[in-house]
Amino acid sequence: MTNSFDAIVVGAGVVGASCAHYLVEAGLSVAVVDRGSVAAGTTGAGEGNILVSDKEPGPELDLALLSQRLWTELIDVIGPAIELEPKGGLAVGYEQHTFDHLRAFATEQAACGVVATPVTGADLLELEPNLNPEAAGGVFYPQDMQTQPMLAAAHLIARGVRMGRITLHTNANVVAIPRDARGAVTGVETTTQTLQAPLVVNAAGTWGGEIAALAGVNVPILPRRGFILVTEPLPVIVNRKVYSAEYVANVASDDAALQTAAVVEGTHSGTILIGASRERVGFDRTLDWTVVQRLAQQALQLFPRLAQASLLRTYGGFRPYCPDHLPVIGPDARVPGLMHACGHEGAGVGLSAATGFLIAQAAIGVSPLLSLAPFAAERFDAHHVAVVHA
Amino acid sequence: MPIMWRSFMPNLPVNSVHIRIDGNDVAVRPGISVAAALLTEGYRSWRTTRGQQQPRGIFCGIGACFDCLVILNGQPNVRACMTTVEPGDEIATQEGTGHV
Amino acid sequence: MSDQRDIIIIGAGAAGMNAAYVAAEPGLAVTVVDANPCPGGQYHRRGALEQRYRPSGCSDENRWARVEILSGQQVYAVNSMPDTGHVLVRMRGDERHPHEIGILRARALIVTTGAMDRQLAIPGWQLPGVMAGGGAQSLIKGSGVLPGQRTLVTGTGPFLLAVAASIVQAGGEVAAVIEANAPAGLARHTRKMFPAAVAKTAEAARFAGILARHRVPYLTRRRVTRIAAGAVDTQGRACVSEATVQRIDSQWQPKPGTEQRFDVDCVTLGFGFTAQLDLLLQLGCAITDAPDGGLAVLVDERQATSRPSVFAAGETTGIGGVDLASVEGRVAGLHAAAELTGRAPATALVKSLHRQRRHLHGFATALALAFPVPTQWVNDQPGETIVCRCEEITLGDIRSARDDLGATDPRSIKLLTRAGMGWCQGRMCSFSVEGICGRQANVAAQAASASRPVSVPVPLGAIARDENVMRESAQ
């Protein structure tokens, strides 16, 4: 077996899997290396959101819109096993003023290509018959989708493996990223072997900062903790991805303190997932029952019927985020051969398709469909001067 | 052939607890579990799974496996092995998630 | 009533009740919380109307008067308060009252949550009429009802004898006891044994005598390889009618041509026990591997865990049986009380308990070594074998996640197949999944699959309304 590849992707989460997939599509041979198993990090702790609805106009929304299109194509490539559901999202405002905010926000988004339809009264209840009828109104986002992120990552990689284009190395911790005389990366060293490639993609999620450091550069990735509640299996009582208006504010927020805003959705298996909490508490995994209670309260406000449903389990994870809440995507100008695809915070599943696509474009020297400037790793360097594109 | 369930304890109180199982009036001994009551009435299973609609009854017997779920007084997903019968209980076999 | 207690003991089995009795020093508020309708645990399980359980040597009712016992209360979570060092015990009511939520604070906690039968997936093990060995016993002890008319008792370990004896003594028929190991192994391991072994061996001999009187065959180096449902119950639903037993090699692989059919309406399964560590894992207590291939909480001489003021006794510290659990419970109770009163327990008593514990522990280790449980054979069964009972995930599903999707550890298998994500949260299938993964999972990986942040389901409405949490967060 050869140890030499066109590209090495560090991280077998959904972002790494998507990078590997599009690199293969671009004709490259790829090794995927992960310290654990497939989808064992933040991907395995996610809800599988593919959302445009929670993004304000800007580079992340552009990325989300591209990703949304790519995901619709991916389902044809990898098939129904990834449980991709184009179910649409519904943002709900209880009070008239929060609904007004939602509508105004939707108008801004619509100008950027987001399909957003305000709904009230009977139309709202037709979309979600079990929704609290007291809600003032909502905005329906038909482009929002959901997938089972672990299956998505696993199937993307498995397809490449079957084609003989991806070699998967799990339980392989990257300990060094060697560089040649001119400073370019030559591959990675894991605890067990040395893999060679002229291109190394850092898709290590929460550990992206450590991988960058091995290559000698700074990429500030920090963890933002989140818990998700899982109910007993139920008949379908939630059709869409339904969330309260506060969710959008929290996603964009820079606050370190605990924030919760209910995101409620059903899954293929019948369980209902209730997110989402956001806290900056380092890597502490201890379950906080204050968080559980607040999520339960907010979920019940949306769907009073859930009061009778039992909480079976919770799971938690750490969203990898950058100080400006934008991901790091593309070649690192400081280290030839190094690319980043990390720091997607809570949007990694949704943004993974576009991220992988743009990484593959950069890898073969095609001019990217979206400008990578807002996602440049060097933006965090003190001396970095942003290049303003016309 | 119906399966007869034997009880061994001598000096046990007579079947003095009147309950209903799937709408039928039955009398069972006081102090026994809902699972035991179902077994003595000839039930080997009292729920079906939500995926394959397969019959399930009591398995672990100590509240850990959640296989013996049943509808008790309208409340679904009650562990029959962990619950003592009470007079007037309405026990109903459960299908799928137990919820409508 | 105040929610403050000095010592809270979770579990009213032999370990918990012994702990409560010795910890109930004057001036200490001691509370036992237990999920079952009445105290006794699995070994001393009794009917709801029978005489209450008092461990032997615990007859001073003045002492019991100081012990508060909360039965039918299921602890779903525990956590320690970083500021005060108190442990918060969150519990809900029984199956009739799941919405009734309560919270207690303890200065010291003793976790005696016991164990459950350890299971391995076999074709047909999900059929009505198949029961855990301990489950069959609990039916008999708790309700006086037999699990079937004619039962095949299978698995491994001396507990099979106890299950079979319970059945025949209750008037049931045992078609045979099918032991996967060879009992001669026990003699080898317990030769020049400890005094404690004598009583246990005598108990086993007594069970063997009962079975001999009832002419119950005791067949070794065999296991059940298939259970089939060719009968229906009074409701017309399929249930067990026969089981196939085969001779096996040392890795429990069946030998072709040795099939033996038993017409039975009940099959019990038991491959040792799994300690219920949910609450200890929630607290972050250090976990270690036990000689039986399972996990146990790490405790010191005082039965103290790695977390301050958290003690553990009984099966949570390693499967050891009721006598060891009783002794450990006493040690834990003495030291938990000593920690709060500042008065050291009597040295002679402590020494004597430690000596008993050492002997019983040695015997338990010998038993574990005499009845090993290989698991890789689980992988070599038909693909349609149900592994995860709750989500109906088959062996074929799991093999495909392992071989096609790169899931090499139990957690990935769970994430990719849903095995272990259902109502039981992997309690029934995790041992099988580890076997299918093909290599002995390390302690951390095993602990990860045994980790359950919510140890019993709680209605969301109850959590949302829980004023205790609101008070907590206001502080």
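Going by the order they are written in, the chains are A, B and C; count residues from 1 in each one.
Keep in mind that, in the parts below, contacts are C-beta pairs under 8 Å (C-beta built on N, C-alpha and C of every residue); 3 or more make two chains touch, one makes a residue touch a chain.
Computed from a prediction, not measured in an experiment: that's the story for all the values here.
J.: Pick the chain whose C-alpha centre of mass, unweighted, sits closest to the average of all protein C-alpha coordinates shown.
T.: C
J.: Looking at CA centres, what chain is most distant from chain C?
T.: Here the answer is chain A, farthest from chain C.
J.: If you average the Cα atoms of chain A and of chain C to get two centres, how far apart are those centres in Å?
T.: 40
J.: So what's the Cα centroid distance for chain A and chain B, whole Å?
T.: Those two chain centres are 46 Å apart.
J.: When the centre of a chain is set as the mean of its C-alpha atoms, what distance in Å lies between chain B and chain C?
T.: Taking the average C-alpha coordinate of chain B and of chain C, the gap between them is 23 Å.
J.: Of all the residues in chain B, which ones touch at least 2 other chains?
T.: 77, in rising order.
J.: Going through chain C residue by residue, note those that touch at least 2 other chains and give them in order.
T.: If we look for residues of chain C contacting two or more partner chains, we find 391, 422-423, 457.
J.: When you check chain A against every other chain, which residues touch at least two of them?
T.: Residues 232-233, 308, 310.
J.: In the complex of these two chains, what residues of chain B are touching chain C?
T.: 2-9, 12-13, 29-33, 35-36, 39-45, 49, 51-52, 54-67, 69, 72-73, 75, 77-79, 81-84, 86, 93
J.: Which residues of chain C touch chain B in their complex?
T.: For this pair, the touching residues of chain C are 35-37, 42, 47-50, 94-96, 116-117, 126-132, 134-140, 142-149, 169-172, 233-235, 237-240, 265, 276, 389-392, 422-424, 427-428, 456-457.
J.: So in the complex, the part of chain C that touches chain A is made up of which residues?
T.: 77, 79, 90, 98, 282, 284, 391, 401, 404-409, 411-412, 415-416, 418, 421-423, 425, 452-454, 457-461, 463-464, 466, 469-470, 472-473
J.: Going by the contact rule set out above, which residues of chain A touch chain B in the complex?
T.: So the residues of chain A touching chain B come out as 232-235, 270, 308, 310.
J.: Which residues of chain A touch chain C in their complex?
T.: The touching residues are 12, 36-40, 44, 150-151, 154-155, 157-158, 161, 168, 170-171, 229-233, 269, 271, 274, 286-287, 289-290, 292-293, 296-297, 299-300, 306-315.
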